[in-house]
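Two complexes come next, and they have one chain in common, chain A, joined by chain B in the first and chain C in the second.
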Partner chain A sequence: MSNWIKTQNNEKIDLNSIPTLEIKVLREEIIKLCKLNMRPIGFFGKDWGDNTTKLFVVLADDNNGILYVSSSIFEFPANNYESLTPEIPCFHIFEREFYEDFNIKPLNHPWLKPLRKNQDNYQFFKMEGEEVHEVAVGPIHAGVIEPGHFRFMCNGETVYHLEIMLGYQHRGVENLMLERPSNQLAESISGDSVIAYNLAYSQVMESLKGISVSNKAQLIRKLALEMERVAIHIGDLGAIAGDIAYLMGASVFGATRTLVINTMLEFSGNRFGRGLFTIGGVNFDIDDEKIKRAEKIFEKVECDAKRMVKTMLKNSTVISRLEKTGTISTEKAKEIGLVGMAARAAGLNLDSRFDFKDKWIEELKIEPVQIKGTGDVNARFKLRYKEILQSFSIIRKIFARLKECTNEPVNCGYEALNKENSKDSFAISIVEGWRGEIVHIAMTDEKGNLTRYKIKDPSFNNWYGLALAVRNNGVSDFPLCNKSFNLSYSGNDL
Partner chain B sequence: MFDTLKARIYQGNQFIKDIENAPIREQFRGLPILKDANCDNCSKCMNICPTGALKLNPLSIDMGKCTFCGACKNICSRNAINFSNFYKLASTSRENLIADERTTKESYEKTAVEVKKEITSMFSKSLKLRQVSAGGCNGCEMELNACSNVNFDMGRFGIDFVASPRHADGIVITGPITKNMAYALEDCYLAVPEPKIIILCGACAISGGIFQNSTEIDRSFLLKHPIDLYVPGCPVHPLTFINAILSYVRNKK
Partner chain C sequence: MMRLLFNILIDIFAILFLPFLMAGIIKKTKSFWSGRKGASIFQPLYDFIKLIKKHLVISKTTTAVFSLAPIISIAGVFTASLFVPLISGSAFWNLPGGLIVFAYMLGLVKFFSLIGAMDTGSSFEGMGASREACFTTIVEPAFFIIIASIMALSGIYSFESLSKLVLASGSYGILIAIFAALALFLMVLIEGCRVPVDDPATHLELTMIHEVMILDNSGHDLALITWASSIKMLLISSLIAKIIIPDGTILYPLYYLITIFIISMIIGTVESSMARIRMSRIFEFIFIMSSLALIVLSLCGVGMFEGLGG
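Then we have the complex of A and B:
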């Protein structure tokens, strides 16, 4: 396959080895591969000098854990191409982003509305009729959450369609990454996935700099990633309970989450694990005493979570609110390219922890969670619960392994930060955060400077899934649907 | 029913009784303790600081910019920089946030928050706040949510987050204030009835933090309106936030 170059997660390739195809050929190739069960994880431009733009495409073959990369070049005055979205709908948002950033128009795109900028020109879907009314919410919401605008087209209480307009959080992260890349900036892209983002950044930079990380540091990173998953999932179970006015659940899960993030504070000096990772390893060692204390706390947390979930699911009024609310079918999920936890709850088998080669998943013998993917709030609730239990089993295995590698260094010192990047390189890192896959792609020029840093949050794919999930539900069920997805505004807006 | 009761009894009382003297783990990075005498001006710390919070000659850390990441402490070979676990970091003046060699827990606590009579007379028993996230990464937002959970239970002091700015006595801003949120923020502030206060929460809100050099932010709102309280942190710890408000609105002595 000379039209594509194959690569793997956390692997560096030569930028010049990426094939450059005619856009028409590339389009045919993409359609061909997507019909073979591959999906886009990167579709972005880069300014290529002299009025030209290069389009990079990264497709993931999840069944075999391989990534395919190719590219095409647009020379002025060429500024359009035939849209992929009518053939493969999950490209809709990638093409909107590419158009907004580089002004290269996908022809016959069904709905080319702004993504992050130009919100004044947003083309809202309009519905007309005597009984139809609109409910507009945001950008500032009732709760303490990030800003975004939601517009519901309703008939009485029933939502026909939801339009989501984002972009309020746009901070220009990708450009800042080129000016001054740092672990601290990576942590602040989405503050609820501090660990996952920092891990993706660290891994992509380690691939570029050619740094290898000690076993102990790798284990601590995995541990932190699972702790983040547990903490957020427990917090969200509480938030779902709160949204159906089951206050007992909200209180208990809230207090249980505190135990997990306070353990993180003990490990890293911050409740969300900020400052824990650095390029080349981690900043803090975890000794036996800390492990012992954490084991005890996690035992209690697991027991509390189990008890509360069981009590909650015995309650018929709880079940009636969760079941068949905010449903998204497996076919729909696949069509629009849902990823992560929301995709798994809808019956798709997609988890980058298992799909891409990972030494520790094999060595620690970790099995994916099995669930009946009905795609409703109930499925997402139960999946989160099962993932909490799975994460605890992973954490226990990691603790056991950590005790064995006591004398290893946990980082490569601060010289690692200043090590030069490889020249003319391209590296991809995919990390399964609690929400789904976080993709970081970095490119360097002939001097080794970063010239493009592309970030894809799982929310980027999934916001549209939320819009489809609330159709034919009551307006009052929206908070519940929203919390069951709990998507990131800042991760989408960057 | 019985299961619910059992779960309730098993949980016991989770709230922190004495929130003003609540213990916190020693690993928490709070007020910086600096030793200028140990510093040899190698400027490694200055180069690694992601937000430019550090200054040399004399050594100082601007907590309004600091993300409390601890990178400076880790890189310093002469033990000139340390972070204590003191969490009452809030101040009513921007200058006060700059910690230098003379800054100690006691000295900081004494001078940080200036209590004003007109504030305590109005808000000491009840303060309702509207939170506006203007580019906040969801870190500060989650911690502000945690202020209202069963552990910290801010509501018992009469402090709450409300849904409408019309019901609020002030706004709490998180995030560096993006261009796209500047209008909504201004609108929200205008909707709050007088008298009203503004609280800046987190390094991003106070100084732009890690996003200070972004071309996508617009901080002109802060130049137009007086700021009442600065609460540093990245993100702000719930104990920092609750104690900040208590020391600002409550009339002690």
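Then we have the complex of A and C:
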């Protein structure tokens, strides 16, 4: 397949080896591959000098763990192309982003609205009828959450359609990354996925610099990632309980989550793990004594979480709220390209930890979670619970393995940080955070400077899924649906 | 004369402090069930005092209706309380047919809080108002059926009749009393905007019923509204107390306090152990009250036929 170059997760390729196709050819190729069960994880432009823009496309083959990269050039005055969305709907959000950033118009795109910039003249979808009414919520919300505007088109208590307008958190992270790339910046992109973002950044930079990380550091990174998953999932179970006014759940999960993040504090000096990772490894070693303490705490956390979830799922009033609320079917999930936890709950088999295997999955004998993907709040609730248990089993295995590699260094020192990037390179890193896959793609020029840094948060794909999930639900069920997805505003707005 | 004065004084005490205490006990119970220490049971009173001292912020889109609503709320529940036997065991004014004045005083309060909410022009508050109005249309007839049939059975046309139930009508009366008390307890949950109908602790505008209607209120207006809704809960609980506590006992005030205490604890426990019902299913819950009312009606009917009345 000379139209594409194959690569793998955390691997560096030569920028010049990426094929450049006619946009029409590329479009046909994308449609062909997407029909073969591949999906886009990158579709973004880069300024190519002299008024030209280069479009890069990265498709993921989840079944074989292979990534396909290709590109096309738009030379001035060419500024449009035939949209992919009518054929492959999951491109809709990527094309909107590309249009917004480079002003190259996808023709016949059904929903070409601003994504995160230029929201002033946002044209909302309109619904007319005597009993139809609109409810506008936000951008400032009653809770301590991020800003985002939601507009419901309702008939009485039933939501016909929800339109989500984001962009209030746009900080220009991708450009900041070029000016001053650092772990501190990477971990600040989305506050609830500190570890996952930092890991993706570290890995992509390590691929560019050609640094290998010691086993011990890799294990500590995996440990931190799973701890983040446990902490956020438990917190969200509590938040779901709070939203349906099930008080006991809210307070028990709140208390157990604190134990997990306090353990992270002990490991890294920060409850969310800020400052734990560095390029080339991790900043803090974890000794046997800390492991022993953590093991004890996690045992208690697991026991508490198990008991609380069982109590909740025995309560009929809880089940009646969770079941068949915010349902998204498997077909729809696939069509709009849902990723991560939400996709698995809808019956898709997508987990980049297993799809793009690293050596630890086999060595630690980690098994994917099995769940009946009904796609409702209930499924997401149960999936989160099962992932908590899975993460605890991974954490236990990591602790056991960590004890074997005591004498290894945990990082490569300052040389690693100052090492130059490879020239004219292109690297991709995919990390399965608690919400789903976080994709970082970096490119360097002939001097080794970063020239493009692309970030894709799972929320980028999943916000539209939330909008579909609340259709035909009660407007008062929206907070519950929202909390079961718990998408990131800042991850989308960047 | 002294006795009457004493009764009035303790009733005033009840109306001033018991609503806050009730809210405090509910909160304390909830904290207990969630394993927390919780705030003092006087916290709602402190909050009230704090709110009284605060400035008002009034939205520019509102009219006089908005400012009038809190005053009418508190005046309405005060007037309604005249007809209800509180801690002293006898109502200030045993007006025959006081039931109707009582019910429509509460209706007036509700009407003004509804138009006060709609006066702000916010789509949320309109939504909350429509929900609240829906529930009232079902609760009100049920309430009338219960109280009026008990009155018809006992032949006394004030709330005094409730206390005659247990003694005068024997085991029949006890049966009626149980169903009536249960129905009124559901009414406390519905009118008091408690779980499983409403969640007083939520911050989610889209799920609120009562809370969303007072989003724009602040300062002493908000204080009056929260006080009025606590008094409303106390009044309905007082009716339950009147049914349960044996007539003519000298220890009525003590029993009354115990009953209110227990009711508050039950409300707190219900709130801790249940999730809130889905909005579209709340009607099914409210219809339980209607069914209980019909049971009371038929029992009273049979009772009257058998000549068990007072």
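FYI, the second predicted complex is superposed on the first by the 494 of 494 C-alpha atoms of A that agree within 3 Å, B and C clash if a C-alpha of one lies under 4 Å from a C-alpha of the other, contacts with A are read in each partner's own complex, and residues count from 1 in each chain.
FYI, contacts are C-beta pairs under 8 Å (C-beta built on N, C-alpha and C of every residue); 3 or more make two chains touch, one makes a residue touch a chain.
None of these values were measured; they are calculated from a predicted model.
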item: Which superposed partner A:Ile244 touches (first chain B, second chain C, both, neither); value: second
item: Chain B versus chain C as contact partner of A:Thr317, first or second or both or neither; value: second
item: Chain A: partner with more touched residues, chain B or chain C; value: B
item: First, second, both or neither for A:Gly191, with chain B first and chain C second; value: first
item: Which of chain B and chain C A:Asp477 touches, first, second, both or neither; value: second
item: Contacts of A:Lys419 with chain B and chain C, given as first, second, both or neither; value: neither
item: Contacts of A:Ala255 with chain B and chain C, given as first, second, both or neither; value: both
item: Partner chain in contact with A:Ala142 - chain B first, chain C second, else both or neither; value: both
item: Partner chain(s) touched by A:Gly269 [first = chain B, second = chain C, both, neither]; value: first
item: First, second, both or neither for A:Glu157, with chain B first and chain C second; value: second
item: Residues of chain A that lie at the interface with chain B and also at the interface with chain C; value: 142-143, 248, 251-252, 255, 315
item: Contact set on chain A toward chain B in their complex; value: 116-117, 119, 139-140, 142-147, 167-172, 175-176, 179-180, 182-185, 188-192, 194, 235, 248, 251-252, 254-255, 258, 262, 265-272, 274-275, 278, 283, 304, 307-308, 310-311, 314-315, 414, 417, 488-490
item: Of chain B, residues touching chain A in the complex; value: 3-4, 6-8, 10-11, 14, 25, 27-29, 44, 48, 50-51, 67-71, 74-75, 83, 130-146, 149-151, 161, 163-164, 175-176, 178-181, 184, 188, 204, 209-211, 213-217, 234-235, 237
item: Sites on chain A touched by chain C in the complex; value: 133-137, 142-143, 157, 241, 243-248, 250-252, 255, 315, 317-318, 320-321, 325, 474-479
item: Chain A partner contacts - residues on chain C that touch it in the complex; value: 30, 33-36, 123-124, 127, 195-196, 199, 201-207, 271-281
